[in-house]
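I'd like to ask some things about the structure below.
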């Protein structure tokens, strides 16, 4: 492993938000003003104990009732209260890359370097990331684009290992009559989302997705984030058998571009909605490498 | 405990969203169109291990690195990969009412009844709520109002046990020159938020807040949710010593009005921003009694 | 469900230890004095993330490093310490019926009744058992008997669904030249343990084991506990298709007899050791329904 | 930090059990044969949510009911079972140094070295210790000695910061008429145990205990383990203000001697029992840095 050396981003040595710098006020106002009907598309899945996860790097989503109404009422009665207010409080445990979620820039390293020349050895502690955690990701309100490549091979979804290329992205743009611009948030529909929570073994066993050239095509256009309806955004397994998750490595650790995974894009596709006001508000868990989110598309 | 009988809401026996029914398309469009500057105020706290919690009904927020880059690279090298992509994945554990969060309607009972005549015995299971969980709370985009009552007693914050009355709310409305309307989301600043994470013992030992009459004043005006810069929205201890958390009981279990707690309202107050487009997107954890959120105010 | 009525054990209404009452001083002294060689057989498995578990009633065993030496040294240096003492502290999460473990008497109910007429509604809380938890199980030092029925069908292990009958137990006793007596702790080897951690899917998909008549045969002889080299002691599926885990129900909730599961009995079998001093010391987790243990056989 | 170099123990480069090598068969047989009455003293505390812990290196002990009888019966009825067997299964979370527990040799480093020249960098992973974990600690059956130094200063317990010196240990030996020998397990009573779970703030704010010279006095006599009725065995704060936990560092990382903490020694003291057969069976959690235990003294 080479020693960690500083190779900084275009936004300066202190930058922790990467491509979120493309989220200008103009972009935000334009997105908000594009809303005509006031209709909301929820592009997230419900997160339950049935959510797929990749062991051993991930653990199952667990939710249990920590304290519940009946005992709560008993305890309050003993304390002299008479209004029988019963509280239910659940406890939740998860690796943060569960369900529909966004990756923090510190989620991935290239060797011992994180985004913007940060040394993993210094930044990654047992209690989270000391820099580049999800709490630094600003609220995202910008133009969203949905590129529907799911039907390109004549079916309803692409097969695992199918690389989504720059040409595929261009073709989907053309069909949707959109052009990717700086500050956009781009979602790519592969059709793979139909197996989320339905056939988790299949969902996790390879997937269609972009490769590094398609990632470059997108980052060249200065997108803020790339989302998909599968677990990893990128094609699995990678066509280059010697590389593991190179798109994660390139986008997060080098380009500073966010990834949004496990999106639910079926309704947008059904209604052929390709352009919208996209809103994603990452919960500010200190030092987290990502977090479950509930992004929406508003038209 | 009286047996659970059905006493349904105005929105019908199947309703699970309560006051979120006031979130009309018109209201949403008006809120979005009110945005002029494109400036975002983040009204949430960072959630860290230092976040206050009420034992024993809550447990501390814990975040630790489950898998990290160094071992990840080692494992991938053994598998023959050469690109040294290192992944950091954290694991998070919490009771869901931590940091800035929203309560689900199923969080509180009145005796053995939850909102809309739901029987707690049937709905509350070890693995969460079978109805009224936070996954049912729709995306909230509506007009937000911030009522700054924090300076009413001549200082910078109200004292614990200080009841925020309907008169206080009216006075704050007058000073802000706003009128609460159906579908609004109202935040009340008590100044108590300054102790969040700074002096947790004090933060949790009583607080200023509304009582049931003020809650009625708000629900009569058909607000969707009531938020504050403290742990419980309502005054603690309650002036009626025989009642524990009656505002929770009334708003959640009876009126179907959401509560948003531990808000960070200092910046809005500093800039005297009292009216804005409010956006809150609750993460859809299946059966959860609430969830941490990152609400924003946009002007 | 019938209302909970009191039907007490032979040891009185306050008894919480059931068949552990058979653990007399005489029995203990005899067991200790039976030790001649001082040789210890460890009859437990290592408990790792690979331990089998039955979802959804059980969750995986998780162990991670909560705090580690490197950061510990850094923190202590900042505090002015110079001796570079680095502490490693792990965090562990599990449902308590993982690996080699003992069941507390409160683990199972018969309808709404637990052992000794205890009402489940009163005893079972969100934070554990208020009675009959594992902290009440006394240290167990007594004669242990290993009955090796694993080869009865001509192979090395019995098949799933194979009922171990009273006749099988008698035959194994005869072959081992032992007679079960009051206070004994009896382990039955089915050979199924070979799949523990090796082929978990198979291990959990049915198993050979005793049925209710064999359980009665053992409780009639006043054994303290029944152990096996599989997950449930009892045959799965039960030959009576209408019954789920009737041996658990009978032994724990009615007879007050403990169950010890996932034992590692191969070495005892290899050396044909059928009688020994058995020692099991359950960790006193308050209110737990069982706990992982490390029982030993000493000869 | 100096680079990790190999400096091996007297038991060879592969040794992972340290002073447990003193646990000879002769020692074991002598201990078992010393038992005359068959009386058991339980020297462990019940472990509950009230157990003291040192944040941030430790987290609270949490136990909750994961699955319970009522829902279990409902589910089984739906599956067609008629015997109403209800299972209660709890889930437990803890840092493993909670309640009465034993430290694994890998719990502490001296710089980047663990016991027997092991490099912490290689051994400590996110998922536990790859060597020196608690699963390697063999069953301990040996002579136990309880040295009651709690009354030496004229009271019933020693004050925090009071160093237990070699002279104190010798004096306690003389009063108990015992002589420490190879293979013994020595427990030192400071009287501090009275605050366990009763006044946790006091319990954790300094404690009486041994210093490095007393540790050497014990390891020179080839003890297997050193136990006390407080959290750290050693005096806190250390008289040498520049050193943090040097006894841990010396005993675990250098001498290979085990530490047993939070013992309950009151009953032994009350009955003036100073010599006994000691039994401790550490649960074999793979890679754990320690584990809760239930040691006993038998006479």
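Just so it is clear, A, B, C and D label the chains in written order, and each chain counts residues from 1 on its own.
The rule is short, and it goes like this: a contact is a pair of C-beta atoms (placed from the backbone, for glycine too) under 8 Å apart; a residue touches a chain by one contact, two chains touch by 3 or more.
Computed from a predicted structure; not experimentally measured.
**Student:** Touching subunit A and subunit B alike: which chains?
**Tutor:** C, D
**Student:** Taking all residue numbers at the subunit B to subunit D contact, is the shared part over half or under half, that is, same or different?
**Tutor:** same
**Student:** Given the two chain pairs B-C and A-C, which is bridged by the higher number of C-beta pairs in contact?
**Tutor:** A-C
**Student:** Roughly how far is subunit C from subunit D, centre to centre by C-alpha average, rounded to an integer in Å?
**Tutor:** 24
**Student:** So the centre of each chain is just the mean of its C-alpha atoms; given that, what is the distance between subunit A and subunit C in Å?
**Tutor:** 44
**Student:** Touching two or more other chains, which residues of subunit D qualify?
**Tutor:** In subunit D, 49, 56, 59, 64-68, 91, 93, 125-127 touch at least two other chains.
**Student:** Considering the complex alone, what residue numbers of subunit C touch subunit D?
**Tutor:** My answer: residues 1, 25-26, 28-29, 32-33, 35, 37-40, 42, 44-49, 56-59, 63-70, 72-73, 76, 79-97, 99, 106-112, 114, 120-121, 124-129, 135, 138-139, 141, 241-246, 248-249, 253, 277, 279-290, 292-296, 298.
**Student:** For the complex, which residues does subunit B have touching subunit C?
**Tutor:** Contacts found on subunit B: 56, 64, 66, 91, 127.
**Student:** Flag every residue of subunit A that touches subunit C in the complex, lowest number first.
**Tutor:** Residue list for subunit A touching subunit C: 49, 56, 59-60, 62, 65-68, 71, 93, 125-126.
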